[in-house]
């Protein structure tokens, strides 16, 4: 692997992070918020990429991890006194981990299409439970709560502003990206890719495919839950809509549009989709999904490697 | 010239199986294709049948290049394929299997009846078992069904891939008789077989393949008289 | 907690009626899957489109049967076009791309319905009004008619597949598409025709379901989800299995709604799916291969 592409890649990452850092300072409030949302959805898309892009398992149920991270955070912020940022993170991640363990159990037993359908069904189960268990989850209306302050051990605490929250989210997402990248480039990540390419052969070589899949699902679920916590922090509410299939579907769109198996691609895909939605909804109002859906389907057929894959090919030639 | 292959190159994924296969079959001829396991005999048959697309080379059928055409068009043009594992439609009855080849545009009901009667005359056991599911037939009976099914296409050439594989000696001689009868009927046959004596007996000339190409070509009479060539390429 | 027997019996009848409609939807889905390995994520949306086309036709002509026919034919043609443009290019690719492609189509169809017909629900007036006393209820005749019609359509499909030249073509292609092609069967055409048939059946179920549950823009997802569950529990590609599974699942839900709210009763079918995948993944109603 030559040095030049690596340098260009990291230069790109640094520039992107820099731009995102500066964003809330220069953009009007609506767009600054938008930038924060892109980061959060980007993190969710990255988490899904671990499964769809690296291990070859299409999850249609990521909304379950996301939603439960959100509700876990809500639980912490409503029950612990005083509300603490790190406890919130912990609760959210624990909730997501619980769901992930459940899904992981099935991941190892089911192949491809059955796995995808099962993840869909799971997220719907959670949706129904959350929607109907009004006493605990607030049912249809969801839960609202206050934002905790950013507290650092011993250094006191500072309430978030929109800008500092954005920087916090940026930090979390950047660290997550670095961690996930490290993992996907490691021998572990290589095995995942080998499972995606040819599962029987990977098994024949001697790898315990089941164990790898379980870890992949747990990783994916945890980072998706993290995204849910961040969303709860930004918006101060949790609602069952986020557990509904639509979110899972959008995540898959981000992955396909951006480029599966690239980590960066899904973030770009999220940004692309959200921008398209903003742009199209000005002209098409709520029908923006018609042109976006057509673009998505066309990409599945003609540009399956996604935007990033397409650009990569262009740059290489 | 009924069928001519010119320098066919075929891949299975990344494996280069056929490295330039050339052969020809005249109308009404029975020609053999011999060679050890894995040299590409079945792949050659599949290329002619349109099941596999060649990367390069020409497949000329009655003068037209048909390489790359889908199998169902080739079937209508008169190329019938009897694959190595027979591939009868297991859940369909014997009659339904036959009908897959019988129901073609432009075939009158009268001709359909005549074809069925002809095939039942060739293979009386199929007439007996016409309402049975093809999957319940014995190996030999399935082979007969596969050949009968091909005959339903009223083909100009039948690609017969290892018809005696796994069959008892009694069935083997029955297959040999059928190949003779088909040849006498004027249908060209390209026969791939591991059973060398049968092939030499049933065909007028043979191609011998090795390493993905045709290495030798001689009349069956010559090959019968001179065992050295057979021993060289096939080790028998 | 004792539940009165007549309530159970009423739920049984309801379960059977809903089961027959679901069976009609699932048959199309399993037929499509069996022959071309396509998991049609947009199948429920075809049900929805059929319902809307039917509703519009019935509203303008006043004739339910015309609505049923026009819906089936329109959606069949639409399905054929869809298959040729978006699914044929995907043959030979990773099967998950078809689920992604049909997912994209599903999004477009859902929003298109809102654009075309507006956000409010539609009604389809039932062709046969009147009720008969069933225990303590006045049970609408139309519900029985729905079950019978669904059964009749499925029966017609069965006969079509079993006898007749095209039935043989479809069954042969389903079993071995390469060999079918080698026998002169025009496989791409058969694929398109089967997709069209599946779409027509979906559309018909939408129209039949209309008087029972209304015609709404988001009914598609619900049908797709239920149909998926039925097809997996019944055994993918197994027509008889799907029908039994559809009735089974609908009965389970019907009984469950005696105890919990209907919104929660749906969990029962989810659990059935999960248990099937754990215990007998090839399908609960598939005979054990010998």
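Per-chain residue numbering starts at 1, and chain names A, B and C are given in the order in which the chains are listed.
Keep this in mind: contacts are C-beta pairs under 8 Å (C-beta built on N, C-alpha and C of every residue); 3 or more make two chains touch, one makes a residue touch a chain.
It should be emphasised that the depicted structure is a prediction, and the values quoted were computed from it without experimental measurement.
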- line: Using C-alpha atoms only, the most centrally placed chain is C
Task: Select, from B-C and A-C, the pair of chains that is joined by more C-beta pairs in contact.
output: A-C
Query: In whole angstrom, what separates the CA-based centres of subunit A and subunit B?
result: 56
Query: For subunit B and subunit C, what's the span in angstrom between their mean Cα positions?
result: 43
- line: Separation of the C-alpha centres, subunit A versus subunit C, in whole Å, is 33
Task: Mark out which residues of subunit C touch at least two other chains, giving numbers and ranges.
output: none
Message: For a test of understanding, state which residues of subunit C touch subunit B in their complex under the given definition.
response: 165, 168-169, 171-172, 175-176, 178-188
- prompt: What residues on subunit A touch subunit C, complex-wise?
  reply: 58, 106, 109-110, 112-114, 116-118, 120-122, 124-125, 128-129, 131-132, 245, 249, 252-253, 256, 286-287, 289-290, 292-294, 296-297, 300-301, 304
- request: Spell out the residues on subunit B that touch subunit C in their complex, using ranges where they run on.
  value: 49-51, 70-72, 74-76, 80-81, 83, 87, 89-92, 96, 99-101, 103-104, 149, 153
Query: What does subunit C use to touch subunit A in their complex?
result: 39, 86, 89-90, 93, 95-97, 99-101, 103-105, 107-108, 110-112, 114-115, 221, 225, 228-229, 232, 261, 263-264, 266-267, 270, 273-274, 277-278, 281
